[in-house]
Amino acid sequence: MARLSTESSMPHSADARRSTLERYQSVRRATLALVEGLSAEDAQVQSMPDASPTKWHLAHTAWFFETFLLAPHLTGYRPFDPAFTYLFNSYYEAVGPRHARPNRGLVTRPSLDQVIAYRAHVDEAMAALLAGSDLAELEPLITLGLNHEQQHQELILMDIKHAFFCNPLEPTYRACARAPGVVTAPNWTAFDGGLHEIGHDGAGFAFDNEGPRHKVWLEPFALADRLVTAGEYAEFIVDRGYQRPELWLSDGYAAVQNHSWDAPLYWRHEEGGWTVFTLSGRRPIDPTEPVCHLSFYEADAYARWAGARLPTEAEWEHAAATSGSVGAFVEDGRYHPAPATPRSGLRQMRGDVWEWTASAYLPYPGFRPVVGAVGEYNGKFMSGQMVLRGGACVTPADHVRISYRNFFPPEARWAFSGLRLARDA
Amino acid sequence: MARLSTESSMPHSADARRSTLERYQSVRRATLALVEGLSAEDAQVQSMPDASPTKWHLAHTAWFFETFLLAPHLTGYRPFDPAFTYLFNSYYEAVGPRHARPNRGLVTRPSLDQVIAYRAHVDEAMAALLAGSDLAELEPLITLGLNHEQQHQELILMDIKHAFFCNPLEPTYRACARAPGVVTAPNWTAFDGGLHEIGHDGAGFAFDNEGPRHKVWLEPFALADRLVTAGEYAEFIVDRGYQRPELWLSDGYAAVQNHSWDAPLYWRHEEGGWTVFTLSGRRPIDPTEPVCHLSFYEADAYARWAGARLPTEAEWEHAAATSGSVGAFVEDGRYHPAPATPRSGLRQMRGDVWEWTASAYLPYPGFRPVVGAVGEYNGKFMSGQMVLRGGACVTPADHVRISYRNFFPPEARWAFSGLRLARDA
Amino acid sequence: MARLSTESSMPHSADARRSTLERYQSVRRATLALVEGLSAEDAQVQSMPDASPTKWHLAHTAWFFETFLLAPHLTGYRPFDPAFTYLFNSYYEAVGPRHARPNRGLVTRPSLDQVIAYRAHVDEAMAALLAGSDLAELEPLITLGLNHEQQHQELILMDIKHAFFCNPLEPTYRACARAPGVVTAPNWTAFDGGLHEIGHDGAGFAFDNEGPRHKVWLEPFALADRLVTAGEYAEFIVDRGYQRPELWLSDGYAAVQNHSWDAPLYWRHEEGGWTVFTLSGRRPIDPTEPVCHLSFYEADAYARWAGARLPTEAEWEHAAATSGSVGAFVEDGRYHPAPATPRSGLRQMRGDVWEWTASAYLPYPGFRPVVGAVGEYNGKFMSGQMVLRGGACVTPADHVRISYRNFFPPEARWAFSGLRLARDA
Amino acid sequence: MARLSTESSMPHSADARRSTLERYQSVRRATLALVEGLSAEDAQVQSMPDASPTKWHLAHTAWFFETFLLAPHLTGYRPFDPAFTYLFNSYYEAVGPRHARPNRGLVTRPSLDQVIAYRAHVDEAMAALLAGSDLAELEPLITLGLNHEQQHQELILMDIKHAFFCNPLEPTYRACARAPGVVTAPNWTAFDGGLHEIGHDGAGFAFDNEGPRHKVWLEPFALADRLVTAGEYAEFIVDRGYQRPELWLSDGYAAVQNHSWDAPLYWRHEEGGWTVFTLSGRRPIDPTEPVCHLSFYEADAYARWAGARLPTEAEWEHAAATSGSVGAFVEDGRYHPAPATPRSGLRQMRGDVWEWTASAYLPYPGFRPVVGAVGEYNGKFMSGQMVLRGGACVTPADHVRISYRNFFPPEARWAFSGLRLARDA
């Protein structure tokens, strides 16, 4: 289970236990904070098979700790409700059968209150576990569980946004700060080719799919120093981008026609121009903000229209690793938008929108999933998806890494996904 | 609007106004009483496109009074929320566009509390309307609205039963009294052929589809004096009824194969035998109770297996009208099960399960829908459906009539539907 | 097997045998004549699951004689190919499993030549059977087989028309005579109400579904003395008939939207106006010809738009039986169009287009299918379909009867189906 | 159009013209030879949307020469039939609209004879073009057209096999020689890691997707020296490989369940064991032959079960390029199976079955499609597909190259696709 190890030599002092507990509680509290302002009804609905109810996310993340930490490791642990093993398993075949995904929205009982009680029950037991166990053994799994929970924090926001969008009243979730846009023309930042390394280097937590660190050969390339904006994307629409098959992958153009796509998800053309539905309600697009909620196909077509291409994930990671703009976030571990005009380097590399890459989501050379049920985490999804990099405004700030590999099917649009242009040098 | 008229010569005395208001309030209260014990989450979900959320039923029945009574007839009426016109229209094209039916379960806002407040707002305005209007003019529409509401009372129970069934935990709605079964063998009650009349005769309220009263020629026939029981239906299953195409209509056997039907909806085979999911939870079937939750195809195949057939709706209505067993209900207008052993005549003719007939749901000779949007009530559904007669245990007792024509597509099974055998004399 | 009996007292003289053989050969030759001008490729294709390849029709009609006449009744008969029992069974469950209907178009072997050889093999054996058997016993089944074959003659033309229409080149089948249209305004012919009889009266062949003859009560009604024309239907289109939901059954309007219907099948709007694809190729519509290739929904909506309704099948049959215009066909038993201007009575009652009625296809009182596999002929399709009456230009002239009940699902449009208006008197 | 260039300095001598014409005629004749033994009906059918009729392949390959060579380059060329431009365009958006792919099987006219005449017409015009044109300019396009035609030669065999399989009679196409199997255990051949080059090197023809030649970094790896056999795959089945989700990608296991896969396509379990449908009919599997007609998912699951993995396309190409076994084919340019027991190195690297790789079908670094409509050849399909390498017994022998990239969606099974195991060194 080497991939999950953080620092196995960490001393099991009271300080270490306290620190782990605080970290645990902090992440768990952040999840609950997302539910503030949501009613039990809001937390109930599932707007499409790809999405899940908020309540399900709350329960499933507790289920993870119950199943992989408490049940095997806390002597005398009594499950909150044995039926939850079945109800709140997402896709772990090794754990047993599970409730069909498209029916998650039909589970009105347990209620939201009961699910919150379930979380409290798990939290209490986790505190007991942390007080009395061999921390070195459990730390990697706890860290995995917390990172898993952070992924669901983002999914909660993606899914509730989509659910609210399906309501003709388009209710507002809450006022959200918006990252400032950019008004300057993009600059091309060049990178040398050569033999580079990408992938997680072993320091700190990473998912199994981020390693092993390995060599890649890159040809010289350049990246735009900022994201494509909503205003630029609107030009693509005006230029009949959605009507010109030569700009699209064949599957992409079929998707355009099947779904009658003519703009990003959440955009709507009204009298005064394009508006966009956000977690804070519908408002006019801001031409300087990054375009968001694109499918891979749209990102790819836009890049072709612009005479450019999408970066590969190796190019993106190498550029991010050698560019000064990303470091700030690592230092303080909290979210804040990238400076609108950094002194140098690439901008908007994290915390804005996920950036589609030209890379299929495949195992790195030498990849091996961890043994056991938690090994079903990443590897088995390595087909039919494309990699996104960088993190979005809805991603917990300390959850993003340079080596982080997000992935979605090329048709998916409900993630906070945009693009940055690349080209051969 | 002659079809809706009850007694236009009714005096508009204070007594008449009070009586109408009491009737209104009684029906409206009965709807709310069904929601007791349901959480906001329970009231939110829609388990399939055919079903609707409880909350939607609550709102739509208020919408009916707002749209057809208050908006056109109460001076100065202010709608509770103008958006509700769109949200809670079911299928009235003439009223304007409406929210897509399969997405009713996604409307988390308005909340259940707001919908209950909407009902109170409408009730208050209706009281004002009843105090100051020409009752003779409005009475027919009010009566229609109350009968409409009673239909939705039954739908609430049908739909919540299905929703709870879709939850793997199969929660209980509430303890429901169960009509006693029958243990005696069925007797055949014979009826003479000849020229008879069926259809509503104009006294009291009826839906437009129940008239005009008209002549029909019947050949001599006989009806079983009781419903087919669960125990009898279990014999059909044991006799491989679901595996023998010669017993089925072609479409019916296709439905058996497409849906992998091997028993009525809600039945499950467990170690100790068949169990059935009910509003009071799952329990073993009672062999003496009427079999319920059959599609038309299953009812038809069972009848063929039993060497009999389904009655036509004309046969059923003529038999009901000339049999002593039904009258009791007309006299006191309230629900109580048929006596387990009546002195004579047909038993279980109402208030047990709806009885599939052999008749397609078509207009009676001379049928004309009422003019205007309320005319979309029945006529436009006259294709692709079969008629059921008699009323079920979930039907409000004063809502059933001898001339009442219920209808569902032949594949539908979530209504409380069973059968009675018929044969040529 | 009483329903199939024609005249069991027929003397089995050599003349009778010769007459039966000639009748057999005449019908069989007529089938082959339809294939003239079709290539093996034309005869191969199946344009939709509802349709069948011409080759399949040729083989299936031979299969009928082989299965129901030769195998059980001709001593020493050797099947042409045992595999054909499986390949060319249409839907007779009692005969055994069968090839899936939507895959009929994939059976390239046997070839068309082999299927024609199969027919010759069956014809030769039938001649032997007719020479040496008890004609009284077999005559009903032979007659059934020949009527079955005539039904497939019409299906061949329906199906090849649809197949050619699916070819962008829209090839021509052959020059077909066209029935003259009518230019005079329709007159309403009134009929008295009362107790009438409909259904086959037992003289001559009829399908089981045409009986028993039985009493029906009719209210006074009137029928238009001619069919609705293409020109009249074009006015309905101009009047936005396809865009007005109040004219449609609910299922019908859903079909309009699902299939984007805006005109009858085979119509296309071109610069010069509406054109229609026919077996003789595409040509402008003739405003005086009967409108054809309507679904039931369209016929029903047109009638509502015209302030009228569709006739019931009982009304149609009673009118046809008491009107002078139909008799001519019975006397000479051969096809010719109705006179453009008969002296009196109803026109275009047969041999023009099938007329949708307002009646669902259900069993007549006392109906019982014949015993055995041939009993699967009609009864098991008695759900979800509507009755059409009268016969079309592609129906063999001696195949139509006043009591004949054709039936199709309400969405079907590839039959030669139009309408005649009716109204209450 | 650099990618298509072969040798632009080729002298335009009469010899060169003759040589090109002979090459052209040889490939075109090979296509027609595949049709021998097929009836017009066989050539008509399309068994699934992914497949095409033989007749369509014959016409489309002629259409290619007509559209890209004759129409633009042969003065005075008269198209055989202008409608063919629409009918036989496969997917070239730039050429204009085209007939919908799933309806190719409905085009009975033009007939097979007419399509063969179309080919002759094109061949004659091509001979004229070759006699009088600037060969240097046209040679690349002609070569592309011939390689295109060879691809369709393989598709004809894939598609007719599937069509015959859909016929319950499972007819035989023709007796086909079968490559000898292998009975020895597989050996692992090791390859050094390091910086290698793959991709077409510019000598001789290659498709645009095979270049540019570029550097890749490989870790040390090993390949099995032979393909996985049918006997080995049968052990996977016996070991419940299709019932164990932990062996499968998530999408793969969903495909297993959706399609009820339990063996390779064309396999059937009969009393005596597994049989397989081939172009020569159904026969028992030979345990020593390569397993064939696997989806990518099955190949991937098998490899996981075997404790190995699939090779990447870079590993495969590097191994093929440095292994002695492949060269023989390049020298004589004609098909013959790999020697059953080569002196050394890898066996069965071409001409047996296509080998699924672990690589998604994506553009190589620096890839750019050729300009114009022929540029739609490969690039626009670069999503959702996996690469296969090596060529199959149905691939023209001189069509396979070490750099050749075949590709299919991961669910596809009707290609002649199997696998070779790889592992990290």
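Order of writing sets the labels: A, B, C and D. Residues in every chain begin at 1.
Going forward, a contact is a pair of C-beta atoms (placed from the backbone, for glycine too) under 8 Å apart; a residue touches a chain by one contact, two chains touch by 3 or more.
Please read all numbers here as calculations on a predicted model, not as lab measurements.
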Review point. What is the set of chains touching both chain A and chain B?
Key: none
Practice item. Mind checking the centre-to-centre distance between chain B and chain C? Centres are C-alpha means, answer in whole Å. Key: 38
Exercise for review: Would you mind pulling out the distance in Å between where the CA atoms of chain A average out and where those of chain C do?
Suggested key: 61
Exercise for review: Using mean C-alpha positions as chain centres, tell me how far chain C is from chain D in Å, no decimals.
Suggested key: 48
Revision key, fill the gap. For chain B, residue numbers touching 2 or more other chains are none
Practice item. Work through the pairs of chains, note which ones touch, and then classify the graph as line, ring, star, complete or other. Key: ring
Revision key, fill the gap. Each pair of chains that touches is included here, namely A-B, A-D, B-C, C-D
Review point. Which chain A residues qualify as touching chain D in the complex?
Key: 91, 93-94, 195, 214-219, 245-246, 248-253, 296-297, 300, 358-360, 362-363, 365-366, 376, 380-384, 410, 424
Revision key, fill the gap. Within their complex, chain D touches chain C through residues 39-45, 47, 55, 83, 86-87, 99, 103, 105-109, 111-112, 163-164, 166-169, 171
